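Look at the two complexes coming up: subunit A is in both, with subunit B in one and subunit C in the other.
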Partner chain A sequence: MAENGNGSARPKVAFFDFACCEGCQLTVIDALQTHLELVEAVEIVQFREAMTEKGEDYQIAFIEGSCTRKEDEDRLRKIRAQAGIVVALGACAHIGGVNALANLQPSLQDVRQYVYGDKWDWYNTYPARPISAVIQVDAFIPGCPIDRVEFLSVVKQVLLGKTPAIPDYPVCVECKLKENVCIFDKGGVCLGPITRAGCDAICPTYGDGCEGCRGLIPNPNENAMQDVLLKAGLSVEQLRARMTMFNAYDPAQIEA
Partner chain B sequence: MSLWIIDKSAMATFVANVMGDYRVVGPKAKGPQFAFDEIEDPAELRLDYNTSILPPKKYFQPQEERLMTFKRNGDSAPEAVIEAEATVIFGVHTCDLHAMRVLDQAFTQNFPDAHYLTRRRQALLIGIECLEPCDEHSFCKSMGTLTISEGYDLHLTDLGDVYAVDVGSEEGLTLLKTYSDARLATESDMQQLNRALSAKWPRFPYKLELDVDELPALMSQSYNNPIWETLAEKCLACGTCNIVCPTCFCFNVYDEVDLNLENGERSRRWDSCMLDVFARVAGGENFREQRSARLRHRFMRKGLYLVERYKHLGCVGCGRCARLCLADISPINVFNELHE
Partner chain C sequence: MSKVDVNVNVHHLTRVEGHGNIVVDVKNGELVKCELQIVEAPRFFEAMLRGRPYTEASHITSRICGICATGHATASLRATETALGVKVSTQTQLLRKLLFHGEIIDSHVLHVYMLVAPDFLGVGSVLPLAKSHPEVVKRALRIKKLSGDLCAMISGRHTHPIAMTVGGFTHLPTVKELLAMRKRLVAAREDMNETMALLKTLPWPRFQRETEYVSLKKDDEYAFIDGVVATTDGFTYALPDYRQVTNEYLVPHSTAKHCKHNRDSYMVGALARFNNNYEQLHPRAKAAANELGMKPVVTNSFLNSGAQAVEMLHCLEDSIQLIDQLIDRGLQEEPLYQFQGKGGEGVGSCDVPRGTLFHDYIIDDDGLIQGANCIIPTGQNYANMEADMRALVPQILDRPQEEITHLMEMLIRAYDPCISCSTHFLDVEFL
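And now, the complex of A and B:
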């Protein structure tokens, strides 16, 4: 094993993708370019998006994407069996993300027909789920896409042998620390009060309400949030769309 | 100490002159609201602002700051980092000046905070008297913070074409004399100031339904009041109320290391007692897990605990929390409801 600057072995790292847009892996590639020390700190043995080699000897697995097919479960279990540490990369792997919107439709067959037309039966599917619904996951990097600074911070925590901690307070905290004018004061709506921080409130900072891509904080007061959104003028339909954009997944959807 | 007069038309020169030797900060427009920020052109300074999103305490306790750097291998001792620069803060309202007394106590008692105190010593505060209520959320008159007689270096009152400038410290006087062409006030200037100050009083409503001196006693009887449960149903536990409060000073300390795992930094960031995990301690126990317990704690701090510890109320009536709370939770309503 190669050594890092600290004199210890560089951990071998692999990247995997399931149902996703690969935007989170692109963010990783971006981070590799802006933070060259990252390449020194770890040894990447598998990363389909960035290299052709395919090493199967890795200790840390980053997994992007939701699990949307029964047959993907085996692949996930194999990764779990090999890796000492499994990290869910991005909203799809972390909370199901936009993939779980399909779970809200009356029938998945309709969904397949809508997406694939007359080839619908070529593609198998089942209700979308975060990877933690299939395998045990050690750490999560939320977001659609992930935040590169947070990615680096999680890597550092893993290298230090710590369980990576991500913020458990809401986006409003970061937004207020930046002294933003609240989106509600500009006539908009925002899920910042119940959404997990860590993105540095990027959407409200640039004038858009939060859509909840980083998932909910622990113990969110969803009823109070809904009251606030209705008072701000959302219809019940708009409210439902906003609340489910990234957070449609509910474990009850996969009980079968 | 002494009263001076400066023409409004001479203010820009005063500010520009000060900018030559100090970092100058003050209220600036931020969209439809205002925020304290660095003044790069005297024309940006909006002494007519209503209120700022964050209070000016951020110049003494920044939202986020490095405290020290360290080496992980322990080869050398950690090094303190104190980032401070000589600063003049223009346009601090009297509620925020009162709040500074709370912070001064909090950062001086028991463990004097070198980071806070270094910045505090390098800054001059120029207050400005409010002649109209900033908006419907404030209740400074009820809290006794609508005016102040000390705690500033200079204090301005708008008298139409001129500002009356009350000098509160030697440093303030030197600043005024060095950088402006202010003149000593005459008898008639003083009369004009007194008229302005007495005329402002009736414009501010008294909103508290009890005497502010009775507030600590009221709070000490309110621990088991059902109001905390009622408020908890609509509170989002978003932390906004703490973050925007001029008397809140809690922070969280965290470490970050480089990717080479050799060099580290210890920093702190404002924290909020309304957040779910604020009271979580080692071992995972959270002794204020319920939102109702956190709301109660926050209001107890404002109306009782800080008086016990620092002899000053923890609420100065600035209304920032009420203005920005999406659940419309306002201290004045809470205090009045507890009083019923």
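And now, the complex of A and C:
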């Protein structure tokens, strides 16, 4: 393996999380079940969910979660200043994910009051956003949660100094290769035609339509998708819900 | 007591899920501040569910927590099914129980081996153990893979289950898969025995503080899904009355709500279930508890990890029995629920790895969610954790500050707090 520039053969890696469920970091831990050699290939210097040891001299940062507070921006910028490579880990960091569903509610104050009642202003928050809305991101691993195999592949590519290749074709391609019966033919609905592949079409394979957690492909035909969904029997509310479950974030939501 | 000053300030407690701080301030031997500060960013799940189709609820709320995603999905489905009057088949109930056992084992093995064990073995994480105790780490990873594969067999994956839906499953395991899994579960008995042998050797901190223990309860089984809410203070509530137990309130130092019932605090989780439902444990699990010297009522919160290990044994044995039942009955595809145009309100509850979880939904006649309330186990434990901290600090004031800090961390870690569930949680601060 190439040296990392400061004499150590193993690149130093750190994991961070913001607003999220930490399921992507758990998937990383699960990846060790089959690939324990990963801890030999890199030196993990920070991973709060799993370890107490804490080093600040990392070169690669994996960041899970959305930014939902002004004060978290500083933490993100510090990570960016330290890390040579920043990788967004999972849907919350990559596209805002389910956190951005709160942005669709009538107002953020209404959301805060609904959960915290008359103490709503005790706790800070602002519209949820992907980390790329705050700092520059070098690579991303899509999905809710991330795919274990894809994570390992991205790590390998980053260690080799390459920009990780993430599929830009739709889930339908992988679903066809698996010879699944189309969810629409089974009477269901699916965002497979416009959603980025790389998950091995796991949801359709287990009988459920794609919900778009990996974000959309480049140049998706959303109008045609919506026509297909309406024809499949969705109401306007159901259609709107399907299109926004993981893809509710819109940069216009965070404009002051 | 000596007139010492002690300042504990643990910022972002490690080896727990989420962000929390432990702050302890002792001046002249007087405890002036003792807080578990929850600093996780709020995520507002209850608010974001409003206006969404009921079909999405279990998939959105599983995203509350990566560790107990299946528990959230199950409680969510039970709330929706109760609201809409959906009857669930025996096959679905058996599959859900089996899936749930997978999650309990998965979560407990993560906590016992990777989050707690390093404290006893004098290291900061599981990573150095891979060199010093490779057999321990490999065993942990083996059990974790087994439980993860069990979940994946039924719902597609452990974190954020796919195939479970309102009224049933969109995908069924094959008999061949069930048989192969059964074989692996039987073989894993040895790993479970080794786990108990390891736990027996650990020097559990001595600490007693009796509190009220709260969990689900059923007459005929160790309750994880449905039942009534029971407490060791002798109270019993039907699920729709859950608010009489939880009595949520807010404190400024926590983005997660606190709860109290008959006393100033109560405890949920493996130890609470053990104390309430010991009689319904599998005989092998009871025997294991006996070996650890655990008999209800256990009042040492550190032994929550011991109760988790006992539950792992129970779930392994019960999983084998569930698979036998499923194979005997034969699996068949069942029609999925179709919405009948009539909404309602429903409460669903499960005892997830960290304790009793409630989901409560109001669904309108268009099938859209109008209101939601979720009460999370870790939130229910916060007041009890702080009460434990206040009880423990005076007992250990004569020790070096480093040791005090470490014990406080271990105490909070023993609860296996899930801070992003409850919002987010753990850092110890000594001021």
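Operating definition for what follows: the second predicted complex is superposed on the first by the 245 of 256 C-alpha atoms of A that agree within 3 Å, B and C clash if a C-alpha of one lies under 4 Å from a C-alpha of the other, contacts with A are read in each partner's own complex, and residues count from 1 in each chain.
Rule of thumb we're sticking to: a contact is a pair of C-beta atoms (placed from the backbone, for glycine too) under 8 Å apart; a residue touches a chain by one contact, two chains touch by 3 or more.
What you see is a predicted model, and the numbers here were worked out from it, not measured in a lab.
A.B. asks: So, A:254: does it touch subunit B (first), subunit C (second), both, or neither?
C.D. replies: A:254: touches no partner chain.
A.B. asks: Contact-wise, after the overlay, does A:230 reach subunit B, subunit C, both or neither (first, second, both, neither)?
C.D. replies: Neither partner.
A.B. asks: Based on the superposed arrangement, let me know which partner A:182 touches: subunit B (first), subunit C (second), both, or neither?
C.D. replies: first
A.B. asks: Tell me which touches more residues of subunit A here: subunit C or subunit B.
C.D. replies: It is C that touches the greater number of subunit A residues.
A.B. asks: May I ask you to decide whether A:239 touches subunit B, subunit C, both, or neither, giving the answer as first, second, both or neither?
C.D. replies: In the superposed model, A:239 contacts neither subunit B nor subunit C.
A.B. asks: Quick one: is A:168 in contact with subunit B, with subunit C, with both, or with neither? Answer first, second, both or neither.
C.D. replies: A:168: touches subunit B, not subunit C.
A.B. asks: Would you mind writing out the residues of subunit B in touch with subunit A in their complex?
C.D. replies: 30-33, 35, 53-54, 63-64, 233-240, 243-244, 256-262, 269-270, 272, 275-277, 291, 324, 326-327
A.B. asks: Within the complex, which stretch of subunit A touches subunit C?
C.D. replies: Touch list, subunit A to subunit C: 18-27, 29-30, 32-34, 36, 39, 44, 47-54, 65, 68-69, 72, 97-99, 101-102, 104-105, 110-112, 114-117, 119, 122-123, 125, 144-145, 202-203, 205-208, 211, 235, 237-238, 241, 245.
A.B. asks: For the complex, which residues does subunit A have touching subunit B?
C.D. replies: 4-6, 35, 37-38, 40-41, 152-153, 155-156, 159-160, 168-170, 172-173, 176-182, 184-186, 192-194, 217-219, 221, 223-225, 227-228
A.B. asks: Given the complex with subunit A, which residues does subunit C contribute to the contact?
C.D. replies: Residues 12, 14-18, 40-44, 46-48, 50-53, 56, 59-60, 63-67, 69, 110, 114-115, 118, 124-127, 130, 141-142, 144-145, 148, 155-160, 162-163, 165, 169-171, 250, 252, 255, 366, 368, 420-421, 424 of subunit C touch subunit A in their complex.
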